[in-house]
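Comments concern the structure below.
Letters are used for the chains, namely A, B and C, taken in the order the chains are written, and counting of residues starts over at 1 for each.
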Amino acid sequence: MQISFVDIIEFVGTFAFAISGIRLASAKQFDLFGAFVVGLVTAIGGGTIRDLLLDVTPFWMSNSIYLIITALALIWVMAFSKYLVRMDNTFFIFDAIGLALFAVVGIQKTLDAGFPLWVATIMGTFTGAAGGVLRDVFINEIPLIFRKDIYAMACVMGGFAYWVCGRLGCEAITTQITCGVCVFLTRVLAVKFHVSLPTLKGEELHHTK
Amino acid sequence: MQISFVDIIEFVGTFAFAISGIRLASAKQFDLFGAFVVGLVTAIGGGTIRDLLLDVTPFWMSNSIYLIITALALIWVMAFSKYLVRMDNTFFIFDAIGLALFAVVGIQKTLDAGFPLWVATIMGTFTGAAGGVLRDVFINEIPLIFRKDIYAMACVMGGFAYWVCGRLGCEAITTQITCGVCVFLTRVLAVKFHVSLPTLKGEELHHTK
Amino acid sequence: MQISFVDIIEFVGTFAFAISGIRLASAKQFDLFGAFVVGLVTAIGGGTIRDLLLDVTPFWMSNSIYLIITALALIWVMAFSKYLVRMDNTFFIFDAIGLALFAVVGIQKTLDAGFPLWVATIMGTFTGAAGGVLRDVFINEIPLIFRKDIYAMACVMGGFAYWVCGRLGCEAITTQITCGVCVFLTRVLAVKFHVSLPTLKGEELHHTK
């Protein structure tokens, strides 16, 4: 098996996603197994939903590397729990790299399956962001990405980049790199400059249909 | 593309479902993106689960109209937030119409795929009610339909109407209309006359398996 | 239709799983329909996720027995609600039997579909434990199996038993029985001797990505 540059980036992204799940699970006193599951779901949940919707075999069922990376992430959190906070900036960058790559993979895989770009953009967003939603459902919190920061919207920007590149007649590799850079920059710059989407002015609504 | 009467009803139902999701999300201070996602999930979540179980391509992946309607619902909520409460009765009727139509679509699609009526009734109920369950999971509330009102049970009544019509040898169109009317009336009359299912007399159960 | 010994065990397991869902739902004041749905999801949710991932028709869509058993469980809870607590030990054994059998079914079905054992072990764990996770999401609690007891890990031990039996060249039926016994004993002994997985020493983590 040969490992490409893209593979390495994907592994780094998987690792960063798994770490985020494991840390939140351990903050809620999950046991080792629970933390592993939440880490795994964060890392592979989005891609799994994408593959179910595209009706293909979920990607992680043909390669055990994603489980191994999640196990490594669990060991990492156990070993370096005291130093994790100091690494927050590093993990933020890893996470943004993972988001960018997951979005590109999701968009490309959907286009290859013959769907139009707007479906692909949704799938790219799922791939990047749905794992975090599942994680938050499991730890019984309101999904973070629905309330804070530009996160999933960065994936939508990636779909937009695809569209522009398509218009300009770019090659596949140029398009993918542009998309990834666009997602990454949107995410990083939004956090750096505290850009966020406006909140709807909510009514005082009691939970009735 | 020609738009039939059924299409228009389906769009109205989608709009009403999306509105209900967006309003509950905004009451929880979701940002614009979060509100859009919750609205979308409320509108298309049930049909998506149905299509995954039937192993067909989810309906919204071949027609962008459902995303567009959800976007319109978002704009509507932003523009008329002050007047929404006054429209509650209108939305209630729209929602009941949507429920009825979603149930008919779900049942018919499942029968066409060769499954028996009891499976179709479950799928009709999923189509009508599962979107609301997903919505409530995302906003971190106990699903409303499990505790209040006759909602999903109206879809089950629709399946019963199918069975009766089948016994009587009705034509397809007659059966579908009867089913839809039956779902709609069950829902509306149950709310009007405050009919609800009994609650199980719960033990004092601590959350242990 | 002929009913085998395995079928009977499966029905007993389904009944025990449904009871656990219905009791927890009724403790949260769910109505009859809500309790039925939560019972059903607890009983068939894990196998449904497995079948979706394996891309086969969900098992309960070709046999209505699972719905009927869930309905019987609902009637049982209504009729004997006062005596249920006294039956807790019985239900614990039923539940452990169900877990063991569900794990064996999940592993075998996945192997038969041509996947390697590590995928099958995950699927066995899903089949046994994912229903309980869905149940806890619906009743808006943090999934119990992530925090307490050896439950899902028992299924992983079952996968390990498969591997050992494969090494030793055992026949299919011997392998399956060994796996089931292994899951059952792991579960029962862990509870009896209060064995549990360690908890990760959580950071004080506020819910931010």
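Convention: contacts are C-beta pairs under 8 Å (C-beta built on N, C-alpha and C of every residue); 3 or more make two chains touch, one makes a residue touch a chain.
This structure is a prediction, so every number in the text was calculated from the model and none was measured.
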item	value
Equivalent-chain rotation between subunit C and subunit B, CA atoms, steps of 5 degrees	120
Interface composition of copies subunit A and subunit C: same or different, split at half	different
Rounded Å distance between subunit A and subunit C, as computed from the means of their C-alpha atoms	29
Residues of subunit A touching at least two other chains	52, 55, 137, 140-141, 145, 148
Interface residues, subunit A side, partner subunit C - complex	20, 22-35, 37-38, 48, 52, 55, 57-58, 61, 64, 67, 77-78, 81, 84-85, 95, 132, 136-141, 144-145, 148-149, 151
Residues on subunit C engaged by subunit A in the complex (per definition of touch)	52-53, 55, 115, 118-119, 122, 133, 137, 140-143, 145-148, 152-153, 196-205, 207-209
